[in-house]
């Protein structure tokens, strides 16, 4: 899909409409995978991750019409605030902070360049890390975000277009998600299980993959 | 799943409406969910507030009242409440003497309460936040999320609530909470899993002859699984893990009211020792009847005696539960004169009441 | 069967030993099993005594203490205690002011208490025995064993215990017990069966989508089985059966202290009516957590309001249980000033405590 | 088995040793059928009848040595008292009263005539009825005792010997027990079930059959 404003590969590649679509698609995918994410959260958690994410994005959808006409930064900020006030648990502040921080570099923008896109996601991840203080390998959503954003940056550095770069990003998220399986959890609820956390895929890294995949779909 | 509920999305709200109908002395707020004393804010008194996922009743909402909590924030079932609940609750309960958050150490609770503390501080409300982390079943290293907050929570809420009622200021309340937490150790076990209403099936499967040792309170699986054995054997094993637990050191974040920043403190709990006096708390996970708790208490009293530990007070019943899970937890909290005085002070809440 | 017990034959004794360890203010007698207040006999005070099968804890042993029972006789699990327990308990609690037996209307309890009353009377102890029969689920004719004694028992023990504490004599206590019983109506239901330890398997099988309506407290099957439905629907059905229950007439046997013989009385309970005030008691059968009881209370309060019945007081929790059975019962007891005064009076027992 | 004292068919037919044996065999049969009686008590009761009877007769056996040298009346009285103080429930006072009352007509006897035997059992049943106030057809142990004792009296009236008469008595008990199946309970715990009590055999009538069968074995 080409925006009428596209001048170069690195300019104005993601529109506000696509961001709105991303949020809507995210809400859909969380609703569809509510049971799956909750099931993942049973052996190493407390069986609520899918329920939490679905509830949160339902609230986001309710609020979305109020910012339909606002800029991308405000849309993301509202998304973050809706998540914070409705998800609870660990994932609420984490995803909430993700969107609140992601909003900062794109405030008052109606369209994003590739650099904006990277900055937006990078700042979001930074928020997740500063809020949750998880390290790579702790078996959390950070293990989904980190390889995904690395792959995104690498793809852009290698001259990929937005869509191709986002495909790499999603592949990175998927790999990161799968790589959580053998990990021993050190943060979050799964850490209480010690050795028994090994062999299970992290629910948060999985919802991160769904979120990035929704972004890819939105811009495709 | 057979539960006394209506729509799955209405579970927590309708239970709160039931509480509101039953306890007109409480003020139950529905959107967002929080409960405060009917007479909140109480002039000159520190507001002691706790909160966490629902499904642990009577904790926390059932502990709101004279001599215990000023406010409680119930999240969805087994899900931490959100910062706006905590913020609204804090604003409703704060008399100007400040707000003390008592936070069980779960990543979700910690992060949500951190955000709420920041929000309250931004409004100029003096706020302190103390972590409760007493679960010896969690084998912690410096790099993990640390021990969970479990049974000691009930004891801290009672004692610090009484101290606030007696006029302790915010710092004194926070110091007392930190002390009681450092004196408390717990461990839990499950005979059955529970069913989160929205999940509709047991969180974990447990065979007819298996038990799960070291469970937390979110219906999550525990430290290990083992074959079912006698009440005496289970009780002795858990009591010894608590009594023989080593000194425990971890780094916690507390809010520095003066400078408006989070500071890190390294705290160490000393192990229990012969000669100590304790409050012994035998708790049902919800589905275990009180009669079985007495069989546990019988053995616990014998183990304590054997180890030279005097049980000064006891509490036996379902106070910090995991829905309808069958199982129990043991909490031992070392006491001194200050703690005992506040334990014995009058309390009048739906879930805990004496002297009033 | 997974239970926190040791040997099956030791279940009741070990639970009593646990109670003894936890409650030094009680005097727990092991052979035969009975519990009396530590300060028994209390000079000049009528001794209020109840008893029944074990498995209903905290009832009755957990209700021994200041302002409630002077003594309790626990039988084997779900089996009436024996006359010698009741006799010994009566002898230990009698101060000379006499003994009031509060007897739940089950053939076994009735016959054993009858024999005990005869034994005490033979020793010159003034004795009265009042039957509790409040279960509207039992559709009775004049020729059957009549209604069971269920939830109203807890309310009667509290109220008559307070009256005895306040100095009511034996006849006054008996009259008050009879009145409260005539004002009380209950109904129970089960989501699951319970397991009698010695039997080792569920008393009845209930499908995943079935519930049992009209159960008693011995884990026995009820009036009918039906498909699982919402908390609201179940609560409304049960509340209406209680509120719309007709006048109930039966013949009871009471001991005539003066003449030393059993006499038959025909007693009639008047139905509840708009304008009445009640104590509303929502009870867990043991395995249902208090959170679900609040969902029930929410609807119960609405039904009562709809019917013009004012809830003056409420009691919500596991007080008269059937081991680990999941389910609940509703009890409505009409009140007047005398009853309310004694309900509000201080009580200090392991299972019920306020004002002290 | 012929007693050396046997003079006529109607004289001195049951010895003290046989009465002691009856009690011992009763204890055995209650122990063996503990589960069976408890199972019968599940659908229409509270699943404890076998447990109650086994516990009671275990206590009886413990007390038996103390009255080994006493007369039959005292042995029965002690049996009744042991049952009363250890069984509880409905069956405790009922079987306890049975043995206490049965003791009265055989006090200070060391051997029983057929008339004594009938009087002993009749008085026992009278005790059960006066204690429990059940009518025939109420689906209780009375429906076991009544046809059994009728058959016993009829057999003796027709000139049967002790053993033959007792065989008729046991057959009557068995018939009475089976006849409780279609009955609608009016007394005891089963009465709470109303129509649902139909189709189940009464546990108490079953233990009555076991008790009489033990007596038959003891004199055989």
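Going by the order they are written in, the chains are A, B, C and D; count residues from 1 in each one.
The rule is simple: a residue touches a chain if its C-beta (ideal position, glycine included) is under 8 Å from a C-beta of that chain, and two chains touch if they have at least 3 such contacts.
For clarity, every value in this text was computed on a predicted model and none was experimentally measured.
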Give me the set of chains touching chain A intersected with the set touching chain C.
B
Chain centre separation in whole Å, for chain C relative to chain B (CA means)
32
Mind checking the centre-to-centre distance between chain B and chain D? Centres are C-alpha means, answer in whole Å.
57
Averaging C-alpha coordinates per chain, one finds the centres of chain A and chain D separated by a number of Å equal to 78
Hey, what residues on chain B touch two or more of the other chains?
none
Touching two or more other chains, which residues of chain D qualify?
none
Arrangement of touching chains [line / ring / star / complete / other]
line
All pairs of touching chains?
A-B, B-C, C-D
Complex contact set, residues of chain B against chain A:
32, 53, 75-84, 106-108, 111-112, 114-115, 135, 137-139, 141, 143-145, 148, 196, 198-199, 203-204, 216, 218-224
Quick check on the complex: what are the chain A residues that touch chain B?
38, 42-48, 51-52, 55, 84-94, 131-132, 135, 186-189, 191-194, 196
Listed in rising order, chain B residues that touch chain C in their complex are 2-6, 11, 14-19, 21-22, 54-55, 57-58, 62, 191-192, 208-209, 211, 228, 230-232, 234, 286-298, 301, 314, 316, 318, 321, 323-324, 326, 328, 348, 350-351, 353-356
